[in-house]
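Got a structure here, written out as structure tokens. Questions coming.
Note that the chains take the letters A, B, C, D and E in the order they are written out, and that residue 1 is the start of every chain.
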Amino acid sequence: MSTIKKEMRKRKINSFMKSYKTNTMGLIGGGILTFFIIVSLLGPLVFPFDPMEFGQASDVLQPPSSNHILGTDDMGRDVFKNLLAGGRVSLMVGILATIISMLLGTTIGLMSGFLGKKTDMVLMRITDFFLVLPWLPLVLVLAAILGTSIWNIILVIGLTSWAGTARVVRSQTLSLKERPFIERVRAIGADDKTIIIRHILPNVFPLVFANTILVSAVAILSETTLSFLGLGDTTRASWGMMLHYAFQSGAASSGAYWYFLPPGICVVLVVLSFTFLGYAFDEILNPKLRRR
Amino acid sequence: MKKQYVFKKVLQSLVTIFFVIIFNYFLFRIMPGNPLAMIMRNPRASAEAIERTKELFGLGQPWYMQFFIYLGNLIQGDLGLSFIHKTPVVEVVWSRIMPTIIMVGLAQILSIVVGILMGVISAWKRGTKVDVIALSFSLITYSVPTFWLGIILIAVFSIGLRLFPTSGMLTPGKTFYDTLNMLKDYASHLFLPVLTLSLVLIGEYALTMRNTLLDVLTEDYMTTAKAKGFDDNYIIKKHAIPNAMLPMITLIAINMGLIIGGTIQIETIFSWPGLGRLMYEALNGRDYPLLQGIFLLITISVILANLIADITYSYLDPRVKS
Amino acid sequence: MKNKQKIVSINNLKVVFDIKQSFINELFSKKRKIVKAVDGISLDIYEGEIVSLVGESGSGKTTLGKAILNLAPISEGEVFFKGGTVDFKNKKEVKKFRQKAQMIFQDPYQTLDPKSLIFDAVVEPLEVNNMLKTVAERKEKAVKALEDSGMAPGEDFLYRYPYELSGGQRQRVAIAGSIILNPDFIVADEPVSMLDVSIRTGILKLLLDLKNSRDLAFLFITHDLSLAWLISDRIAIMYLGIIVEIGTSDEIIKECIHPYTKALLSIMPVPEVNKNRVRKVLTGEIPDPTEIPKGCRFNTRCEFAYDRCFVEEPELTKISNDHFVACHLATEEIHVKS
Amino acid sequence: GSQTEEPDAMRIGVTVEIDSLSPLISYSQIGYEVFMLLYDPLISVDDNLEPVANLAKDWTLNDDQTEWTFNLRDDVKWHDGEPFTSADVVFTYDMLLGNDLGMYSGYLGGIIEVTAPDDYTVIVKTESPKANMLQNSCPILPEHIWKDVNPDDYMTWPNEQPIGTGAFKFSELKQGEYLKLVANDDYFLGRPGIDDLIFVLYANTDTMAQSIKLGEIDAATNFSPSQLDSLQTEAGIEAISAVVLGFTELSFNAWDDPSSKANPLLNDIVVRHAIELSIDKQSILDIVYSGQGSVGTSLIPPEGFYHYEPSADELRDFNIDKANQILEEAGYIDLDGDGIRQDSDGTPLEFIFTLRADNTDEVKAGQMIAGSAAEAGIKLNIETVDDGLLIDKIYSGDFDMFIWGWGTDLDPTTILNVMTTSQIGNMSDSNYSNERYDQLFIEQQTIMDPVERQKVVWEMQQILYEEAPYIILFYDNSLQAVNTAKWTGWKRIPEEGGYFFNLTNYNYLNVQPVSDTAPAEPGSNTALYVIAAVVAVAVVFMFNRRKKAK
Amino acid sequence: MELLKINHLITYFNITAGTVRAVDDVSLTLDYGESLGLVGESGCGKTTTALSITQLLPTEGNIVSGEILLEGKNIVDLNDTEIKRVRWKEVSMIFQGAMNALNPVMKIGDQIAEAIILHDKLSYKDAIKRVEELFELVELEPKRIFNYPHEFSGGMKQRAMIAMALACNPKLVIGDEPTTALDVMVQAQILNLLDKLRKELNMGIILITHDLSILGETCDKIAIMYAGKIVETGYVEDIYNNNMHPYTYKLLSSFPNIHKERVMPDAIVGIPPDLINPPSGCRFHPRCPYAKDVCSTEEPKMVLANKDHYYACHFGGVFNEK
């Protein structure tokens, strides 16, 4: 029987893949993202890079050459290697922060929507509160309080970006809760826990999933912004930190485009790929958009 | 009935504001750091001066006393003295508020108009080249880090084409003998910051407009409107847009909070003398009173924006119950 | 009928909903707004009996059905099950009771979780009630339940998703899920109203079969008098939270007394060419249940209403063995000519 | 036509805004610079940084060297036309002495009494001889303005319209934008050649560098080394790396006390020496600062008369082997083979190294230091914080080591004071204490003969160098640029020094506009055309839609 | 001349899964003042037929062939502007589920008036006057014309929808399940109203429903549709009393008749076919108890049984033989 269940899962995945394969946006996004994931996983192995190791004074800010295909930075390091290592950090921040955000947002949204009443009121007030608090200032302040290690940055981004998800999950849960099939399960004698885990969660999942991908995009952008404003982890070589150093060392005004453009372009591409994927998955998993 | 709804929303906003005040106060209190940085790092400062500064800002008092004093003053509209500027926070904030309002206001208007137009065209021409271009444009601008975009625009427009000044709000210290010249100067300084912020926002507005419009277009009442013999233009304008605008209103309000984040970056890049930069300076200088003041102001404006959105919504959407 | 045991006995059941008032409204408005969805209903259902509940939308049919299973908040009255009171405060007791009393819902398209396999949907009652631990046992049971519900061979349907089934099949799956626990009583809330006519009778037949083979009792909720007539032993007519007339199916169709029942009957569409039929179409709609009219609650739409109807609420009075009516006209023996 | 109307405005880009217009409140470098232009001290310095008459036309010192008599100029007027008299001097000194406020009060240490026998004579009595009397750059404030201020409000009175005697008059301060001064036509030393002097605030140096290239500003400081390179290639712009008074140091928490929150191993001078030995200052300077500056040794920068240069055998130049050797000798051995040495108790040589996040150069330097210290078996864990937080840590003594810098005066007293025991809890950021040093500090203040005083100050620096509570990393330069196409007469002070921010207002007074330069207004017309075009397109677009809709 | 004559209409939907043959060779006729009931199970193509008439099909839907003659003029060939003039002025519709067919953010009166203004070129004021008349006609209080849809109950919305359909005095009104979502009593009210109005205004009505039992009193003619095809059509009496097609017979006997004996009717086994791959031959044959071999191979032709009474079955009336 479990083989049949596996079969069902396979069928589900297949049908998802079938829709995915016809979705241009999804394919482009998936392609770019896969590329970056592979490169950032393998890159640092092939081209080892230690952000704490500096080059020679004569190597500082050299334009692209055969030795350094993307030139060198203000500390004489190879920009290309830095870029590879930075991808790892940026992607990690994006993904981990998203996980925190999603866990928080989904839990709070589910509880708020399902339990209702006072719980809902309190949780929604808190959510509203996080929604109206201007995001970047809050992040800046929190980062200042917690300190600027990469883990804190992940935590801060995660802690401040869940409100939107919570809202969406809550409203979805609210409507699911009123759906007859939940009523039927209740009539069978199921308790809240069973209902949430077996029925609500699988039904909000597509929404959460698409949302997750969009939040990842935001998280990566956030890391970049934080780093740019000087609240990044100086011991990591993330793209945000690269942009920060590039800007601080005047790469933009002194014409060192090879230092300034690549990390920015990488950020744009990765964020774009997440956004593309998010939109594609939203279209596939939440098919209302498909109707017309 | 509507009145009651408005009243309820106002009350809710007040409650949120109250929580924000408390949160705001303690958030900055648990922030490590000391406001005396400026004095401390100047070898010519005397011990007495440091002591006295501490006292002036009530830092000697226990925290709960400080809080009540803060609340009391707040009610009188007194946000305290800025640590850095040693002048009332209200004055400091006031002197920096207009530039931000003007920049953000213009950018919002521009991006709302353009974003909505783009969204409408893109939804209506779904699947065509126009849609693909608009969609790609929206998604790309949505993905670009604000500060990076700003720097690139400076590189292109200021340095490359020499069309616009790099920074500031007016040519500094210049005396203008007629208003037209001043407006010219102002406009040329405004252009790049507003363009940057608008670009960042347009994408989101266009995407949202497109998606809600696509949803609306599948509604049955759209078929009704078509069956009545109206042409597409009319249907879009009279039936689709009014319905699709509803989520936009909420988005615009919610965006207020995000835009503030954008202004911090833009004001830093373009040396725009606004609140965002002031806030960043205050953060680095650990100027609690100033930080609190700005944060409060920003938060209250976001809450008010949401309130206005809610009320507007309730008037635009007759379904909102009393 | 009298030789049968009472299986469910409802005594003066009331369900009141607070119209959700926000804090502010509560502060400022004069009084609480309440909906008396079920406003004092007493009803006995016997083993192996189908009782139909008929009435307009909003008359409280669903609420009554749910209240019996404690799926709606009971504000007054009691429910006896097989002679004993069901103490709805005791969770264990409720759970036990639920195993014996099940519900089937109206919309087959909405009643199954789109993300659950048919197998899971059918077997879930066993799982949540911790019955039959092994998967094999459960599966056997599920296949049987499906086949009993007219989905043979059951195996074929186990590993499908609801969207792969037609409406009628989905409703059968829902029924299979309800009978898998071997209940004694089922509330069926408009189980066929969303289905095409061609499929309806199949489901109705299934219910009748179940009644006969398992001695199951049903509370069959419908707004279609002809369907009620077709399958039930007794019919109760509901109006604004109360039963205004109750009797055996034939009594209600052939000898109804209450003007409301008569109106309902007269507008029943009948597949006949009859251009000259007089329909007693009531004007207006059922009154707002937050403001139930004084006296007889039907007085606003009753063409025969007279002074007494506006002051005194009529009691449900016995006319014959099984036939009760709540109408002053009936008790004053001024029988209304049709 | 605009040539005659437009004033010759010099715009100077700065990255820090003036914190207050009141000399009693301000503590910033830019404040110091601006007050130098708005006000005058009794005595200032010339372009050789020697004392020179200013408001005081001459001065005498009595025999026991405790009474100074200053003869004031009688032709000085305040910006509002009021005459300047000795009463203003007495008032200013009394105010500062009585309140101990602002960055200038430190100059007045040791003064007991200030009197004015007549309108143009001031007598200053000191406790003991006061060596830095002539380096006192304290601005003289107008009594007729300040007497109305309640002394309780001195700390907050904003002095929004400063009235001084200086070469420039205050015009306006636009928060977050600029500070504008205008030439004082009646300046007693002659009207400056600049009509309008505008300090333009930049939020980042990058756009500032662009701006000076585009001619939006005429001068600026605080560039990064790579920007300097690109500015140097620009025609009409002179970009320099200027020696300024100041240094960047690595400070240890040297609090030798059981209650210290620092790692006690830092109290071992051997460890501090080993860290210094492991730092390749020159290569950090080359990479991080593009070689702009010089490698540091002692507390007082080499430009000053009092700078002490350690002898060859005192000197701790970069030498990893030596660092390893002295640690080995002192019993710090890596027993567990993790690359980190431990003391006899097994405590590893592992310290928290705090860096200021917003100072990228220091962060990079810190990273390089951590890298090379590891080669000596010392582990430095980098933590980056902002200024406020670092101050907090310093204030509470909760730190191991950090990098920061100081700007110093011509007179050594202020910077020497930082290392005295009495400053622990105040200015001291290393919690260093040495009795001999404290004694010498008091002594040097009273020695009037510079050569004698130099000996004492040298000894003090020698003590500091040996005990190494600070590792002076670099005497880093200030990177400045000026527009020589529009302005002439620029002079670096001293020869290797800068145009600005170097304790004299020489350049502000002497730079002249190149007569035939037209004020550059980069493309503001073009901008208007572009905007107009955009609007036009939008209008046409809307109009077309209208037509279609009909 | 008939009001409406549909000849061999074929409408397909082209979707990724294949071609949905939703309307496959449908022919109908309707005279002035006549009402036709179009009956069939869910998904048999009733709505598609209706939408084909006014060419309101979604983008994936196409009229493949056939002609639709409205007063003798083939409206399939009309261009965009011409068909817009036909819509509502000549043919109006009452949609399935009035709750969604009305624009929620527009006042009901305005929604009706806009159609009047467009087609009859009245001023707004005159149009509103007409709306008031229409409200009276459909037994709604004229003072409620400026209510929003959500302020109406389901029945009232359906009445408003009817008023809207009558706004421009169309010659033909198509009611697509106008009563399905309504309560029994309200359904009766609406049906009565429609009947009354048809007689008063002499319009043609096509009443789409899956409830055969409601047509006995309101319709002149009935067309029974199954899987995209008309299987039987004729006057009510013929359909009810002399039906020839097994599907009609089975469908009709699914309805209990309270005036007759209480017997549980037989169900029609199985479900309607998938219209992407419809069964060969007679589309009903897989569910037909009387089917013979020929039914699965040969498509039955329309046979005339009586005046205007046609059926498509190889063995018309076979059920009577037993």
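Following the convention adopted for this analysis, contacts are C-beta pairs under 8 Å (C-beta built on N, C-alpha and C of every residue); 3 or more make two chains touch, one makes a residue touch a chain.
The structure displayed is predicted, hence computed values, not measured ones.
Touch-path distance (fewest steps) from chain A to chain B is 1. The chains in contact with chain A as well as with chain E are B, C.
By C-beta contact pairs, the most connected chain pair is B-D.
Chain D and chain E have Cα centroids lying 88 Å from one another.
Centre-to-centre separation between chain B and chain D, using Cα means, comes to 36 Å. Chain B and chain C have Cα centroids lying 55 Å from one another.
Spacing of chain C relative to chain E, judged by their CA centroids, is 32 angstrom.
The set of chain E residues touching two or more other chains is empty. Multi-chain contact residues, meaning those touching two or more other chains, do not occur anywhere in chain C.
Shared interface positions of chain A, i.e. residues touching 2 or more other chains, are given as 144, 247, 252, 292. Remark: chain A residues 51-57, 60-61, 74-76, 144, 147-149, 230-231, 233-235, 244-245, 247-256 touch chain D in the complex. Those residues of chain A whose C-beta lies close enough to touch chain C in the complex are 1, 4-5, 7-8, 179-181, 183-191, 194, 198-199, 202-203. The touching residues of chain E, counted against chain C in their complex, run 41-42, 153, 155, 183-189, 192, 210-214, 216-217, 236-237, 240-241, 250-252, 254-259, 262, 264-269, 271.
Taken in their complex, chain E has these residues touching chain B: 54, 56, 84-89, 92-93, 95, 97, 100-106, 114-115, 118-119, 148, 150-151, 164. For chain C in complex with chain A, the touching residues are 69, 71, 95, 98-99, 102-103, 105-107, 110-117, 124-125, 128-129, 135, 139, 158-159, 174, 177.
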